[in-house]
């Protein structure tokens, strides 16, 4: 028997909005420690990892580990029917091939339950080792989303370069080139407006912008985003979910053609 | 000669927005008692009845009963040109084949007149007898609209079941099933937030959701909606128009296939 | 060397939004007195003239007169990447085939530079003589935009008639006719709400509405619009740009078919 009661139901709505464009079908894994998901995007290039820790739920009962395959678009359709102030409870009986989402309005005057068929989803759980990164940038999530959107009106790829002074996002396309520099800045009124660069060594990596634009669907989950970069590792774009966990998006850098061409 | 002056012109704009998707052409009937309309939707399944009583107009002159055939889309186009605070006057000369809509801005600095050709519209006026209903539900109109919209993301039909405790809206479709229960609730801060169930006997009826979604275009006209249900009668979905009258939508229940199949 | 620094960068964003639908490619002319543009629309019917005087820039360096051909859609794409509070600097080196737009956020924490290729644009600069107009109407720009939009839901052309009492906009189409009269009105709380008619002789002219709807893209630039009419001249629709200059749209009147037909 599974019963997870989340008072701030809008979090789950936002989580689904953040990942449903990237991933079609996925297994949600439920254990005593939390509710999690790991899935490749449909083109098998990017990876999403979600964790909602059990402590973040008002009530969390998970008698045995289970993995529930769901179509994320259908799940998102159902969660859209929850009000933003609703309490959401996820329920599944042992051995059942369905999952139930229950929405309670704050006044308890309206109670909805939506039942969805589960499905079999092939997946292999990748171990993601903790790694040291050359550079970690923390910045306002809306700023990062704005930059990704702006640059994609000019080009298809973004070069992210980190130096001690800040982080530079660059692109080029048919109509010209663009560089956006965000300076390290910790002296702001609100901590979430800070741009903080932790750097061990300078790094400059190239990524496909369209994946970054998918990742920024996570913006409503957090005021800040953390971008972890290393030349040998996929970038990690992380949105913390207050008191509960995170969504992390992983994407391998592109091998830069310019580098190739400049070789003798 | 016809001259109807409506200070709260936005009401007429909202009336047209409420019915223009359902009905293409219709006769507006004007008599000493009021300005009214009765029309079937274009698929001849639902019926709309509108009444704006003469007392609700600042000035109401209707020398003799007339019936004016109008294309509601064209009429809506013209009314959209009225400002929300404009006074609207409907004018027609005796024997004229046109109707004029005059819009006066609150400051009288801008006066518009829009003249539209009338048309012949076949119609038979149905007598709608006053009836006793098994159950009458009054609830916030936005809540009802939200439920109809939410359920249509899951299924095509809605089962409305009324018991003493409240009203349940149910649907099912390819991706699963949904039930939304609204409890009777009269102890609210604002009377328009109440959900009130008057029930003589329990009733459970099935309707096509797409008509309900058309009916909810009436939501801007009133904070509350009244749904009157009886097993032998079309449902009535009514939006009151403050101080003036109402829009009522009628729709026959579907014969439930489940009932048929469960017969011996 | 060219370097023009505009503290209120949003003005330049609005200028581009105002003209990009009408004109594809155009030469921006830069001289000691200001930054200007004159261009025909792509159907060679309407003319746009823009002037941003050098005094309106915080810093204005233009060593020699130059004319820079730009694709306005691409330029608008780049300017959309500037924040509304950003300072925008336009830069070009002598003999360079590119122009650079630099955007500085108010806090200086984010600096972007967008480089765009210049292009050769054929153009002939028309001398536009100062003229005496039969009538000049000044009215709220949002009101004028609303009227043009409203009338285009009814017809394709607008007849603008000016008398001492005010200005009348008329149209007719398949579904009927429309007249909107705005009365002269100078006794308003805010000067920008006034409708002021300066008239030497009555005038009544016909124009294609779709151009007027393009012109009203200038609405965000100014609270008021000035419409200058003469029977022998193109109409001038002018939006002042505070402290800096203007955008003027010119359009020749249509020869009214009614006039033609009424000839013996």
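A few notes on this one:
As written, the chains take the letters A, B and C, and residue 1 is the first residue of each chain.
Everything below uses one rule, namely that a contact is a pair of C-beta atoms (placed from the backbone, for glycine too) under 8 Å apart; a residue touches a chain by one contact, two chains touch by 3 or more.
This structure is a prediction, so every number in the text was calculated from the model and none was measured.
Any chain bridging chain A and chain B, meaning touching each of them, is among C; the list is complete.
For the two copies, chain B and chain C, the CA superposition rotation is 120 degrees, given to the nearest 5. Different-residue interface: chain A and chain C share under half of the residue numbers found at their contact.
Here the CA centre of chain A is 44 Å from the CA centre of chain C. For chain B, the set of residues touching two or more other chains is empty. Chain A contributes residues 143, 150-151, 153-154, 175-183, 185, 195 to its touches with chain C in the complex. Across the interface of their complex, chain B is touched by residues 71, 74, 77-78, 80-81, 98, 107-117 of chain A.
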